[in-house]
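Two complexes are shown next, each including chain A; its partner changes from chain B in the first to chain C in the second.
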Partner chain A sequence: MLLFSYLLLSGITTGALYALVAIGLVVVNKSTGIINFAQGELFMFCGFVAWMVHVQFGQAYPFAFIAAIAGGFLLGVVTDRVAFRSLAKTDIVGLVLATVGLAFVLRGSARMIWGGKGDYLSFPPITSPEPVMIGTIMVVPQQMAALAGAVAIMLVFAAFFRFTRAGKIMRATADNSKAATLVGISIQNVYTLAFGTGAAIAGAAGVLAAPLTLLYPDMGFAFFIKGFAAAVLGGLTSLSGAIVGGLLVGVVEAMAGGYIHSSMMEVAPFLLIMLVLIVCPTGILSLYKARDV
Partner chain B sequence: MKLSLIKMTAFCFAAALVGSQCAVAQQQPGLTPTTIRIGSFGALTGPGYLYGKLAMNGIDVVFDEVNAAGGINGRKLELVREDDRCDPAGAIGAVQKLIYQEQVFALIGGGCSNATFAARETIEKAEIPFLVVASVHDGITTPPARTIFSTALTSTIESKAQIQYAITSGAKKIAVVSMRDSWGRARYTPLMEELKSKGITLVADEEMSPDANDATAQVLRLKQADADAVIMVLFPKPAAVFARDSQKLGFKPLLIGQTGIGDPAAFEDQVGVPGATAKFRTISMVKYTPADPEMEKWRKLVEAKFPGDRLSVFNLFGIGSAQVLVEALKRAGPDLTREKLVSELANIHDLSVDVFGAPITCTATDHRCNKSPAWLAKDPTGPVKVLSVTRVD
Partner chain C sequence: MSLFSRRNVLSSLFVLALLVPTFANAYHLFVANLILIYVLLAIGLNVLVGYAGQLAFANAAMFGIGAYATALLQVHLSWPFYFAFPAGALIAMAVGLLISLPALRLSGLYLALSTLAFAQFTQWVFLHWDNLTFGAGGFKSPPISFLPLPLSKPVGLYYLSLITASCVTLFTQNIMASRIGRAFVAVRDGDVAAQSLGIDLLRYKALAFGISGFTAGLAGGLYSQLFNFVSPEGFDLFQMVIQKAMIVVGGLGSIAGSVLGAGAIIVILELLREVKGAQEIVFGGVLIFFVTFLRGGLVGSLQKYVRGWDEPLHGARPLASKQVARVRLDEKESMS
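Presenting the complex of A and B:
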């Protein structure tokens, strides 16, 4: 029971971070129809921005948190204006390749700015690194803080899409872009907003993950591949599906590592995805929706 | 008339001798009557630069010292550097450039194991003497290549030393956490063979990927197995994640590293959690830390030649290796050939240089010349200390 509770908490925490990366992918995909292959690098870059603000400039963690999200949003907007908008008239393959190119640019820039010394940068723990015993269950404050942060971010973005005008515009465009154009919505602006929002979510995930792991310029791909798996599991266009997918990937990974063998950690989530896609090719929530109908 | 005949004969003999020396020098690439060109390859850029560029800086200061004292048998040493970017294809390209374009006489270097291993065939074919500085892959020196010698430790030597250290530290329940990529397998396989030969059964054998961001599952499994010593076959990044999560979950065994995590001070910084590295011990190829007063001379030389640099343990790798090469070059005499250098390298016996844990010995059948890893530790508030030297048979 004790082992189960440790693994569950660890899996949910890691899964919540995968879910945030997946949400960023889904937001961009829903609005623009493309997969942003630079999502992992945006996550990494914002983690470094937070490190710079918190460690190098000595600012408090909440300030670093806000700076990373704001930095992520700005980065998303700028890359849309500079890289993606000029390619808007090309086919979708061109845009997808542009995101791959952006991933390399961000990785190289991070290496130039923060790397090059062969070092992995350590982000100080935001809470006590020592575990706390609640009865017989050991709780790790650091993980709880990251989990709470991830849940808060998910709620904030859920509220953004449900209650704000910008969020409603993005949802409307995602549902039917032609109808959105007819009612006067600027598709280009929605694209910009989508890239900015997706990058801001990646930034939030990056700054939450930073104290749990180590920062290095190549870290983005590992998170991207798990976030992408989570998004696929959720059906690629469903925000709630991305959350469920992320949590599932994280928990399956931890349980497989704990109960089978650590060599299964990397494999188990992808076996699950293959299984899910065979049973319900449009994502895990399609089962629920099918019953609903 | 008789005298002039003798003079004439002597002159002809001397001319012939000089001529033959010049001919030898001309036949041997990288050799002139006044210089010996030595090539060095390793990472000059990217994360592997520690084992490449910094080691080469160490070689450079040894060569400067030799040159300032008049060179070797009247010849000054020239170091030609090539960047292999820690990449196997890059290493093959760098070695080919050094041998065929730069026409160097011998090679010294090799930082990243897989890159150096990839270059072995090219070096063997060219029959050029090569002294390995930092690469530990067993395949570089086993089976021995006729012209390749190493002052670096090897994977097998390190694996044996890790087990010996665990046993001498009184560990009863030994566990392993390892990466299973090509780097990890090169260490994991000899480690398992050595454990088997000693009749040791592991209480747990766990795996981590180089990109791992969480080690909760591994730590919990090792904790459940009640391991009191964990042999880490990991790069610094997953090792730091493992050490962090161990501390987080209250698991505090003896952590036994290897030269992949060769700098306890840097590792402490990377882990970033106070106390998490208190029981971390790791292997160094050299028996001194840069702060040791014994290294004062080298600190001054390195910091004078490379302003902005501070003496590092990686400089010391280069210094030790270069001293061995210089000694072999001296012993090869003024009529220097590659064959003579190879022969002298193979005959180095109990050679004491400034940095290694024990004297260096190479033989014709065993080109692994350094078998004495030093053990390093760092107290949370103190400097890095050398604990002991393990002699591996």
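Presenting the complex of A and C:
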């Protein structure tokens, strides 16, 4: 029971981080039809930005948090302006390769800027690292802080999409881009906004993850592919699906690591993805919905 | 036929390559050999991505499987290299055919994800199946000897790579100019239309995966000999991006482009060998630059500015965002 509850909690925590990466992917994909392969690298890069603000410049954690989110948003907007805007009319192979290129530019930059100080940087914990026993359940405060942060970010972005003008514009474009153009929405600006928002979510996830994992330039890819898996599990266009998918990937990973073999932890999500793609390529949530085409 | 036609340029490159061991030092010979190996990889990937339009990310894994299979057959079963080498390529081809099975149902991004997952899985097997693969540390592969021939090992391996690369270049060029190549392009440009013309999608997609697996396996076998050492590190995502950059720089859907792209990228890679971060930035930048501003790659420019350079099947891809639209439509359908 102790092991189970511990694994479940840590699975949910990492799952919530995967879900954030997945939400970023879904936001970009819904508005633009692109999967941003650089999502994981944006996540990593923002983690480093937060580290720089928090550790090198000695600012408080909330400042680092805001800096990373703002940095992510800016990076997303800049990359859209520089690279993706001129690609709007090319095919999916070109777009995917461009985002892969972006991923490597970010990774290389992080290695050049921060890599010299030992490749693994540790981010100081926000709360005490000691586990606390609540009844028979072991709770790690650090994980709880990350989980709470993830839930808070999800709520903030849900509110953003529901209540703000920008969020409504993005939803309208995702729903029907032609109709959105007809009512005077600039699709170009929505694309920019989507890349920015997606990158900002990645940034937020990066800051939350930083105290749990060490920071290193190659960390982004693992988070990207698991976030991508989570997004696909949820059907690639559904925000709630992305959250469910993320939690599922996280919990499966933790359980496989705890009950089968610790090395299974790295590979279980990939086996899950391959299985799901072979059995139901349109996502698990689609199993519960009647298909009427 | 004009002076700088594709055939003349490739032939003179071949003659130049034949002469390399006479004037190159050991390091230059090594780099030249590496280029030949990457020519094989780039051609295989270009058949799959450039011609058949399958957005797969498993080529680095195939490369690794070829290298591991060739070396392990020699180590565990003490097969001679000349049996292990083709066997390794066939094993890689078999795995390629195997992963093409789900690919037949998946398209675009879903295929990208499933092949990425497969590549990660392969990496994990290399790392953790200690009894077979010797784990993270890697292992030494027994060096080949060219004993009856008066050749040192590096020179002999260089000529073996040159022969393999030339044969594969000629072979794929002919295949791509045949009915099969045209079928690939038809699948790439519109699979429904291709099907209505009587092209068996299942067979041709599997064929594309098989060809790319086989060439990657050949490359893997030669690679294991070039370094005399096999470890999981060489076959990661960076490897995949190097190969993608080659075909994008050379030109998607062009065999000659794969050759030129492989050469260009390896030279850049070797020049930046000291700083890994700079390597990554330059690669990513090159990838973005070519995708954004030079869609046709090097052969696209050659075709435009050099008289007599023909690339019949290159760049025929429709420019409209049709495929993107279709992927999104599929998703909308699945949502409703």
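Quick note on the criterion: the second predicted complex is superposed on the first by the 278 of 293 C-alpha atoms of A that agree within 3 Å, B and C clash if a C-alpha of one lies under 4 Å from a C-alpha of the other, contacts with A are read in each partner's own complex, and residues count from 1 in each chain.
Keep this in mind: contacts are C-beta pairs under 8 Å (C-beta built on N, C-alpha and C of every residue); 3 or more make two chains touch, one makes a residue touch a chain.
Predicted model only: the values in this text are computed from it and were never measured.
Undergrad: Tell me which partner touches more residues of chain A in the superposed arrangement, chain B or chain C.
TA: If we count touched residues of chain A for both partners, the winner is C.
Undergrad: Between chain B (first) and chain C (second), which does A:E266 come into contact with in this model arrangement: first, second, both, or neither?
TA: both
Undergrad: With both complexes overlaid on chain A, does A:G227 touch chain B (first), chain C (second), both or neither?
TA: A:G227 contacts neither chain B nor chain C.
Undergrad: First (chain B), second (chain C), both or neither: which does A:G196 touch?
TA: Neither: A:G196 stays clear of chain B and chain C.
Undergrad: Thinking of the overlay built on chain A, is A:G33 touched by chain B (first), by chain C (second), by both, or by neither?
TA: Touch status of A:G33: second partner only.
Undergrad: In the overlay, answer first, second, both or neither for which of chain B and chain C A:G206 touches.
TA: Neither chain B nor chain C is touched by A:G206.
Undergrad: Check the residue A:S122 against both partner chains and state whether it touches chain B (first), chain C (second), both, or neither.
TA: The first partner, chain B, only.
Undergrad: Considering only touches as defined above, state whether A:P131 meets chain B (first), chain C (second), both or neither.
TA: The answer is first: A:P131 touches chain B but not chain C.
Undergrad: Share the list of chain A residues that count as touching for chain B in one structure and for chain C in the other.
TA: Shared contact residues on chain A (touching chain B in one complex, chain C in the other): 115, 221, 263, 266.
Undergrad: Once bound in the complex, which stretches of chain C touch chain A?
TA: 49, 53, 55, 102, 105-106, 108-110, 112-114, 116-118, 120-121, 124, 127-128, 237-238, 241, 244-245, 248, 252, 275-288, 291-293, 295, 317-325, 327-328, 331-336
Undergrad: Okay, in this complex, where on chain B does chain A touch?
TA: It comes out as residues 45-50, 177, 180, 206-209, 211, 213-214, 216-218, 220-221, 224, 236-237, 240-241, 244, 247-250, 266, 269-274, 276.
Undergrad: For chain A, which residues are in contact with chain B within the complex?
TA: 3, 6-7, 10, 14, 115-125, 129-131, 138, 140, 142, 209, 212-214, 216, 218-219, 221-223, 254, 256-258, 261-263, 265-266
Undergrad: Considering the complex alone, what residue numbers of chain A touch chain C?
TA: Interface residues on chain A, with respect to chain C: 33-35, 83, 86-98, 100-112, 115, 217, 221, 225, 228-229, 232, 235-238, 263, 266-267, 269-271, 273-274, 277-278, 281-283, 286, 289, 291-293.
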